[in-house]
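Structure first, commentary second.
Letters A, B, C, D, E and F mark the chains in the order given here, with residues in each chain numbered from 1 onward.
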Amino acid sequence: MKRIDGRKEDELRPIVMKAGVIEQADGSAFVKFGNTSAIAAVYGPRSLHPKHLQIPDKALLRTVYSMAPFSTTERVKPGPSRRSIEISKVTRYALEPAVFLEEFPKTGIEVYIDIIEADAGTRTAGINAASIALADAGIPMRDLVAAVAVGKINNNYIVDLCGKEEEQTLCDMPVAYMPRTKQITLLQMDGDITLDDATKLIKLAIKKCEEIYEIQKQALKKRWMG
Amino acid sequence: MKLQTQYLIRLAEKGVRGDGRKGEEYRKIEIEKNTIAKAEGSAKVKIGSTEVVAGVKMDVGEPFPDKPDEGILITNAEFSPIASPEFETGPPDEDAIELARVVDRGIRESGAIDMKKLCITPGEKVWMVFIDIHILNHSGNLIDAAALAAVTALKHTKIPEYDGEKVDYENKTKPLPLVHLPVTVTTAKIGNLYVVDPDLEEEDVMSVRLTVTTKEDGNVCAIQKSGPDGLLLEEVEKIFKLSIKKGNEIRKL
Amino acid sequence: MKRIDGRKEDELRPIVMKAGVIEQADGSAFVKFGNTSAIAAVYGPRSLHPKHLQIPDKALLRTVYSMAPFSTTERVKPGPSRRSIEISKVTRYALEPAVFLEEFPKTGIEVYIDIIEADAGTRTAGINAASIALADAGIPMRDLVAAVAVGKINNNYIVDLCGKEEEQTLCDMPVAYMPRTKQITLLQMDGDITLDDATKLIKLAIKKCEEIYEIQKQALKKRWMG
Amino acid sequence: MKLQTQYLIRLAEKGVRGDGRKGEEYRKIEIEKNTIAKAEGSAKVKIGSTEVVAGVKMDVGEPFPDKPDEGILITNAEFSPIASPEFETGPPDEDAIELARVVDRGIRESGAIDMKKLCITPGEKVWMVFIDIHILNHSGNLIDAAALAAVTALKHTKIPEYDGEKVDYENKTKPLPLVHLPVTVTTAKIGNLYVVDPDLEEEDVMSVRLTVTTKEDGNVCAIQKSGPDGLLLEEVEKIFKLSIKKGNEIRKL
Amino acid sequence: MKRIDGRKEDELRPIVMKAGVIEQADGSAFVKFGNTSAIAAVYGPRSLHPKHLQIPDKALLRTVYSMAPFSTTERVKPGPSRRSIEISKVTRYALEPAVFLEEFPKTGIEVYIDIIEADAGTRTAGINAASIALADAGIPMRDLVAAVAVGKINNNYIVDLCGKEEEQTLCDMPVAYMPRTKQITLLQMDGDITLDDATKLIKLAIKKCEEIYEIQKQALKKRWMG
Amino acid sequence: MKLQTQYLIRLAEKGVRGDGRKGEEYRKIEIEKNTIAKAEGSAKVKIGSTEVVAGVKMDVGEPFPDKPDEGILITNAEFSPIASPEFETGPPDEDAIELARVVDRGIRESGAIDMKKLCITPGEKVWMVFIDIHILNHSGNLIDAAALAAVTALKHTKIPEYDGEKVDYENKTKPLPLVHLPVTVTTAKIGNLYVVDPDLEEEDVMSVRLTVTTKEDGNVCAIQKSGPDGLLLEEVEKIFKLSIKKGNEIRKL
């Protein structure tokens, strides 16, 4: 099957990843998959107020995902939406297994993700960026978290859906994955597929996450090596 | 680590749960239908002492421009401070929003409601279906209880008469076109034990949970991983199968 | 006069009252008058934050009245409305005279009232439920507070109006009453009636509150005796 | 108990008030009409040093579906932080909301405005009457001052011209059809003394208050009990009579 | 040129200024220019909460400008708007140079400005009132701040625009000025004018501010002398 | 006074800036056009390490009643917490609102967009132009960067096709009718030195700043004084001239 934008079924869109893009932040990254662009910035570990939010034996990880008003075809109203609140939550859980939060008790680590351009796959682009930004901030991590969405159009399993594919797919399944520990840290799905499909799609996602992971490492290497 | 956590994890290592249930065992499920006089459909679901009411209200409105011949589904959840010392007044927090969205996706993606049958005049007037989920007592696993209450309420919903001008809420006859029965099953991981239907104490100690909504044909319609840990592929596969099995059992209630 | 639902002028709707319905709460109650159902839960006395809200010599009583979106013919938008904020306030004043707040200085006692079904008389149903819930929570009380709305249709004084009657009545007067001390703790009225009518209606309400009071006591007795 | 409270209660036992007034005595009431150039009607009311401005704005809008041939009344109150060290910026709190709703009910339930006369085209266009109450100085008994300002503003309201398309705010001629003059009287209980028009210090020490709105025919249109104590039936009856009496006095101002 | 309301080009509208109009406030003033009326009240210096807002070596000045709903032809929706938030900010900067904030470290001085009637020039009326109110509160000041808006209609420079002129003017320039130090403390402009126009308009505004300043002093003198 | 403040002010006395620039010198300005695929126009502007993206979205809507034959311009700015440790999530604060309003006035008052050409059907349908400003890195002088990004985005905006029913965002051909190029220049006063384009450290120590927007014909379109100090008339005149000069330089970029 030829995909709408000419890609092969298991082909990712052109990817750009860059660490250290925001001077004011403790860590930051820019990630682009086709026409989806995400910027992530990390602030912290820093002292956390009000005090009752502090956790005695680890850092509090906070994630805020948001879309720039001009990122989509229809202007997005500024401010949090139900969708962005849910994505912020699952993003936190996607990143948390990777971070040694216990090294910074009582502090806060804030991860902000801004979607500058949106053409599907914004939450996974955001997770990829956030993961690089956390590493860029020098926060000790078990591993990087790589993420990608997979789907099924007709009888084909496809990866890294673009916006037009998202409208057609029988299911949309974003997955985040830590290659070193083989842990799936984000798993969501909307659709109507068989158990067999679901399993195959997850396996496909894992394979592509391993590719993305290499690009993430390159971005960090480039940053550190100059 | 809190004593209770250590205790439950030690139990889990022996394959035992705090309240004596087996890993694959739900607490007692009780379902009451049409308890709310003014709702078009309603249901109260108890799972153990977790208690949830779902009410369905209907109204006529404009369709979305991209789906001019389909009805509209809106799912909302309120975590009333009545239900738990931890719930607060105010707009829905991330947990309430996530719950509503997961319930919504289970119903929407399974095609449970035949949305085309809710069209009155294409591009102009369609039925809007509001599912409101109200938590009465929070004793763990709100999501499965909420999903079950929502589907049960839809199953017993009657559409009011509409004369083209006004909705007549006094006369409700036609049932809602419900064509599938999605069931949502949540499995948590405690230590190395997988437990369905985690109760409040188990939710405190679980590291990760996976919520899977399945249809009567065994298809998967919605998945939501939650919690600050990851899952191996084998674990996910195992939970998928468990979710289908438990879903079938619950569907028969 | 036969009333719209066949009741006699001074006849209450079928009443259900049950104490101890919410496991998580310190005290709770369910109250049903016809198709009006209220659930009340009490949390406290418990420590109160932020600190500047604490009262040195007594507990702070807080009440929150709210309606479930599906409780009425037209769906109620979630969140506080001007109406619900006012009802929360008068409900607090209706309950406060009954509670020995001075026994729990600096603490907070929270009373939440959810209207699950609404067919008029929701604030009085809520007060009846809250009063049982406070007693169920073991909070020392001077007395229970019983409440009912009264009105006038044509030349008839009627009690416990249902929704259809509320549309026709010349006045709507909710009253709360503590039988032991004979104190009226809630008194509101909308309408256009003579002084004589007003007085007669209050007296009628007091009489019915005394009946309701007995049902409240039964509910508590049943809870305590098993 | 604070010294001031004890002092005022001791005074009250002797039937005396802090500022020397008798129980049934209002502070000096001053009324100024049409002080706001751009409002359709306005009034400034001072009771002692309590000072309230009410402004009436009108606009054309759609009627409510259940009252297609009646105008719409909307009453709002802002407790500007200008007026008291205790008022804060932000959305109206419960006191401001209660005040606005009690003033609204007094006007609405008394039938003060002939709402049918505010219908332009039944089911389509009616006049909307916005009463906005703005507190300038809070020295106690805001509610009576606000109600009096609102009714006075309505009494002097002129309806703008309307040509079916646009409201012409430059030309206002026809008076608002005001057919009744409801007056609101608040009585507080301090110790065993009943005092009308409590000032700020009295509001701090009163245990309960009853606000009663009456019409010129002596009918009662709105009642609101407030404060953390109860009232005996005899007390209520006494306050009703007092409210009618004081209402008649104020109506003559 | 005859102006729409018959004034000469450099003629202010009839002005009323009165200090000490709000009993509850520490300082207050009423100011009226034609049909524009502003009331300002000052509370403070008083202790400031939450604590993290406190400034170690001076008082925090806060200003809140707001319009009464009935002040304009079209009813103003209550609550802050983007416009009122900006005006609150520039008003604070217009007043701050005049106040010896360093005399009251860690405290807060709040200035509230309510526009009761609006016929253009509300921010300048508010600044005039606030300045008198600050002096009335006994807060030490370098000088009073006087303010007025100027504009250009056809080839004429006009002062103290009324609402109808505001619709026609080529530019609207509100200016605040401290005569003693000759400092301009508010300067905004919307329009499209030459550099020469801009300079001439500022000079005109300064001249009129000096007149307004005398009226402000009169108001304070009357207040203090009785 | 902080050490950094004292240091910068001492430098300023010698006519020197912290980063070695001259008073009239901007940091390096970089402009990238049309970086956002889905926007009708966009630009990224860097001034030193301050970085701002502006995106233009267009839609069809109803005109304002008082300008029935003109398009609508709406300018909004979000200070994303991404850009600075001091920015917080939540609705725009006074600084973001002021920035958006100053940028808006510069464009609106200069008549930069020929608004009449954005009318589709007078009184019924006009183009709405949304300028959204998104701060990526805050290193001082956000306002000049934002204004430059906004005008550059407008310059490269293409209007989507509109068939009277639906906007076709896939086809954008006609350029936006941009007839002027307003440029915004901010000058701060540090000690006795006037510096254009203050960086973050200079913003911390400056006592007052003046933002002036000028057109290519040298006319002044918008002025905004900010900061807790005043300016003498001579200072204002000097800054006006400087703003025109620097504006002309930037316009050529």
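The rule we apply is simple: contacts are C-beta pairs under 8 Å (C-beta built on N, C-alpha and C of every residue); 3 or more make two chains touch, one makes a residue touch a chain.
Being a predicted model, the structure only gives us computed values, none of them experimental.
Listed here as common contacts of subunit B and subunit C: no chain. Number of steps on the shortest path from subunit A to subunit C, with steps defined by chain touch: 2.
Looking for a copy of the B-C interface in C-D, D-E or E-F, one arrives at D-E, which has over half of the same contact pairs by residue number. The chain with its CA mean position farthest from that of subunit B is E. If you average the Cα atoms of subunit B and of subunit E, the two centres end up 57 Å apart. As a whole-number value, the distance joining the C-alpha centres of subunit A and subunit F reads 32 Å. Per-chain CA centroids place subunit C at a distance of 50 Å from subunit E. If the chains shown are joined wherever they touch, the resulting network closes on itself as one ring, and no chain has more or fewer than two partners. Beginning the circuit at subunit A and passing next to subunit F, one meets the chains as A, F, E, D, C, B, using touch as defined. Those residues of subunit A whose C-beta lies close enough to touch subunit F in the complex are 22-25, 28, 35, 37, 39-41, 43, 46, 64, 66, 68-75, 78-80, 110, 112-114, 116-119.
For subunit F in complex with subunit E, the touching residues are 94-95, 97-98, 100-101, 105, 108-111, 210, 215, 218-233, 236-237, 240-241, 244. Of all residues in subunit E, only 82-83, 85-86, 88-90, 92-93, 96-97, 171, 173, 178, 181-195, 197-199, 202-203, 206 touch subunit F in the complex they form. The touching residues of subunit F, counted against subunit A in their complex, run 36-39, 42, 49, 51, 53, 55-57, 59, 76, 78, 80-85, 89, 91-92, 130, 132, 134, 136-139, 169.
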